[in-house]
Amino acid sequence: MSTTPRILVWNEYRHEKQHAAVAAVYPDGIHAAIAAPLRAAGFPVRTATLDEPEHGLTESALAETDVLIWWGHMAHDEVDDAVVARVQQRVLAGMGLVVLHSGHFSKLFKRLMGTSCDLKWREADERERLWVVAPGHPIAAGLGEYFELPREEMYGEFFDVPAPDELVFVSWFQGGEVFRSGLCYSRGAGRIFYFRPGHETYPTYYDANVQRVIANAARWAAPTGGPVLAFGNRAPLEKLTLT
Amino acid sequence: MSTTPRILVWNEYRHEKQHAAVAAVYPDGIHAAIAAPLRAAGFPVRTATLDEPEHGLTESALAETDVLIWWGHMAHDEVDDAVVARVQQRVLAGMGLVVLHSGHFSKLFKRLMGTSCDLKWREADERERLWVVAPGHPIAAGLGEYFELPREEMYGEFFDVPAPDELVFVSWFQGGEVFRSGLCYSRGAGRIFYFRPGHETYPTYYDANVQRVIANAARWAAPTGGPVLAFGNRAPLEKLTLT
Amino acid sequence: MSTTPRILVWNEYRHEKQHAAVAAVYPDGIHAAIAAPLRAAGFPVRTATLDEPEHGLTESALAETDVLIWWGHMAHDEVDDAVVARVQQRVLAGMGLVVLHSGHFSKLFKRLMGTSCDLKWREADERERLWVVAPGHPIAAGLGEYFELPREEMYGEFFDVPAPDELVFVSWFQGGEVFRSGLCYSRGAGRIFYFRPGHETYPTYYDANVQRVIANAARWAAPTGGPVLAFGNRAPLEKLTLT
Amino acid sequence: MSTTPRILVWNEYRHEKQHAAVAAVYPDGIHAAIAAPLRAAGFPVRTATLDEPEHGLTESALAETDVLIWWGHMAHDEVDDAVVARVQQRVLAGMGLVVLHSGHFSKLFKRLMGTSCDLKWREADERERLWVVAPGHPIAAGLGEYFELPREEMYGEFFDVPAPDELVFVSWFQGGEVFRSGLCYSRGAGRIFYFRPGHETYPTYYDANVQRVIANAARWAAPTGGPVLAFGNRAPLEKLTLT
């Protein structure tokens, strides 16, 4: 499908309202900061947040979404199980999903991964350097061999997720850790990209490389228009007579 | 860990009590038929069934289990969610899991995969031929290039599971379908093998090749004694001064 | 890179000149039959054949190629080693490669895979049914759950290639075999797709589904514009003082 | 196959004879340092070096070898192409291969990978920390979450090898780089492990964790006794009459 994917940026949108330090960085919410460069790149973009009815993830909203981008952190438990199940079904049916940073611990991502999605972490204003280990992958388009974020939260291995279908980035942290920080998965007909950076107290989503990765990921994760999944009892395709 | 893994064979054990055709094939239950050749091969084997307290999957039972083998079909919904969560945690902590045939639709397997685990099927006494596509994999030890089951239920693609870490078998079916029928996954510190054959009305678990695969899978899935998983807030390992 | 990839279709072009049965199916050569629908789909397409100087694979020809499509069979040994090395280098630097059918035994593919690339085969006018096992993959765009070729050469497992990064198709054959028939690989910055169908005596390359797969594969394999590969001795990026 | 694999440790054995600094660390050769702990662990171990006839890799030597361990650096080009082809064939037929450190640039490894196997490097007495990213893998048995080497040569990404079937270790380096440093591959019926550490001027092969990894890798890579690979023209397995 060659049309530009329609993006829905979902943000928990609590830190920005409760913590002045976060509001100072993202005055209109993290979702606005993620949406702006995508709009500038030509994507049709809407946003939704936790406190909207059905978290803004109604059947009709999802029906108009090709790629969902997810940021959450302090209120994972407030996301309704029925909405999580609905989004999961949409992903399996082909909707793309880009999970950012602390979204690793969202109900949605844990449910799609089947693991704890736990990790090590530290908030210490550390430098992160993301190395490209899949230079031919479309999510690395337009990047150099690595890019740096001067200050970020550390996430360290072991990251309890399934081994990715494709590993695009590995992060180096100043304090001595590494992290698999750009991970591609296929689930059902859907494609999922997990991207590590984006702690709420840092201006990470204003970084040009981070913005480029998110845009690349949205294109990569967009529905491909393949076969509709079908299951159940089937008549044979061949009426074979064995010898 | 070089010791022989302790196996727990779990069986729903309903078909055998309700359907004469199944009881005729597996008079002591499918679990007994699976356990016998494993015992003969030297594994310590216990069994557990759905209608036991906590389905026989108590904390203490799991604590003494290195590899759990799972057969279920008609009563997936009766497996208690708390028990499913307990078993999932054990798998992530390193216990091996071998899921057989209709276990693809168990709560446990669906939860570990994160997908619908749905497929196409047909009961028509068809020939299945399982081809080895990973000849160096330990689960293929002792096999020929393929083996046949004269009559089995058909399972056909698309099988809605994550792409496996390693694909060991692909099945050919008489009616025109194929199926990825031997799938290896790592989840947390645990290893999972899904093996397709084993419909309850056929004597599949008396087949020498099937028995060999299950024994190989138990050895492969056994805990390896690697690092204990640890997560959470961490002090830096380096106190670096950047220039 | 959003521009349409420039395709070079390479064909050995010997069968068509030596065997009337093949000339009857492909009077202008297999390359012409592959090129026509790609041109119709809007790709800039050139062709090259074995008996041209440097097999038509000069430095300048490759410099203008984003995706190379390869068909060869009876004259693999006549392909010059220096040209093979040149093409391999281009693939590692990012050029896409689509290897068709008997190209599995080309010097180029064997060199890129590192294995024998051997398989089982039979010419017996058999039905082949290709099942999609990666419904979200862009190479499956526009297809149904499977497609059939009424008569093809059989290729059977074990196919001695590395496990693919992504497995898109699995073939069922009338005579009892299966084959992993659509395989994605990344090598260096380049992307490689192996696609099984296309025996020279059958009109396979006139099949609409086959044409669609080849066009999809060309788009998928096109250079992505990622980081230029760089190697060698490097100064440290951090001048760290360890504690 | 439950018997203990027979190991052949191959070493170029030139640095030790030409450079006093290396001889001071490995007075009996790197091969001796690698072999000793393997013997202590109960493996039958022989050694071979470049300057022996046929580099010590005769048909009969390979016939008695289950796992070959390879260290080379300054004389890769002196390894005879015919010997390389012979070893490659043995690997595809099922012999295990463990390639150490600078062996990444050996003819053998490059031929098996199909890529340049190039990387970034620096000799600067840097700390390396190897993180386990596959805690359930048998090659991580007995390790902690990470282990450190106080001084090593740096190897940095992009490492131009195929994405591994399983990624076991990722290294952190003091100077700001990361490296995929423990890589599992299957090729034919053989299993290959690449392990990064081991520069000739450092006492790396006396490190207990490094020794453990090499022993684990030898067990993992040992032949599994699966089907013998067979190829070529085949009669159909089914004489099917299609409807």
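In order of appearance the chains are A, B, C and D, and numbering begins at 1 in each one.
Quick note on the criterion: a contact is a pair of C-beta atoms (placed from the backbone, for glycine too) under 8 Å apart; a residue touches a chain by one contact, two chains touch by 3 or more.
If you're wondering where the values come from, they're calculated on a predicted model, not measured in any experiment.
When every chain is reduced to the mean of its CA atoms, the largest separation from subunit D belongs to A. Counted by residue number, the contact pairs of A-D are over half the same as those of B-C, the matching pair from B-C, A-B or A-C. Although subunit B and subunit C carry the same sequence, what matters here is overlap: shared residue numbers make up over half of all numbers found at their interface. Of the two chain pairs examined here, B-D and C-D, it is C-D that is joined by more C-beta pairs in contact.
Superposing subunit A on subunit C by their CA atoms means rotating through 180 degrees, a value rounded to the nearest 5.
With centres set at the average Cα position, the gap from subunit C to subunit D is 31 Å.
Taking the mean of the C-alpha atoms as each chain's centre, subunit B and subunit C sit 36 Å apart. Contacts with at least two other chains are made by residues 127, 129, 132, 134-135, 145, 156, 158, 163, 165-166, 174, 176-177, 186, 188, 227, 229-230, 237-238, 240, 242 of subunit B. Under the stated contact rule, the graph of chain-to-chain touches is complete, every pair of chains being in contact. In the complex of the two chains, the subunit C residues touching subunit D come out as 88, 92, 111-116, 118-122, 124, 126-127, 154, 156, 158, 160, 162-163, 165, 174-177, 185-188, 227, 229-238, 240, 242.
Against subunit A, the residues of subunit C that register as touching in their complex are 1, 94, 127, 129, 132, 134-138, 140-145, 165-166, 174, 186, 188-191, 223-230, 237-238.
Per the touch definition, subunit A reaches subunit D in the complex via residues 129, 131-135, 145, 156-159, 163, 166-167, 170-173, 176-178, 180, 238-243.
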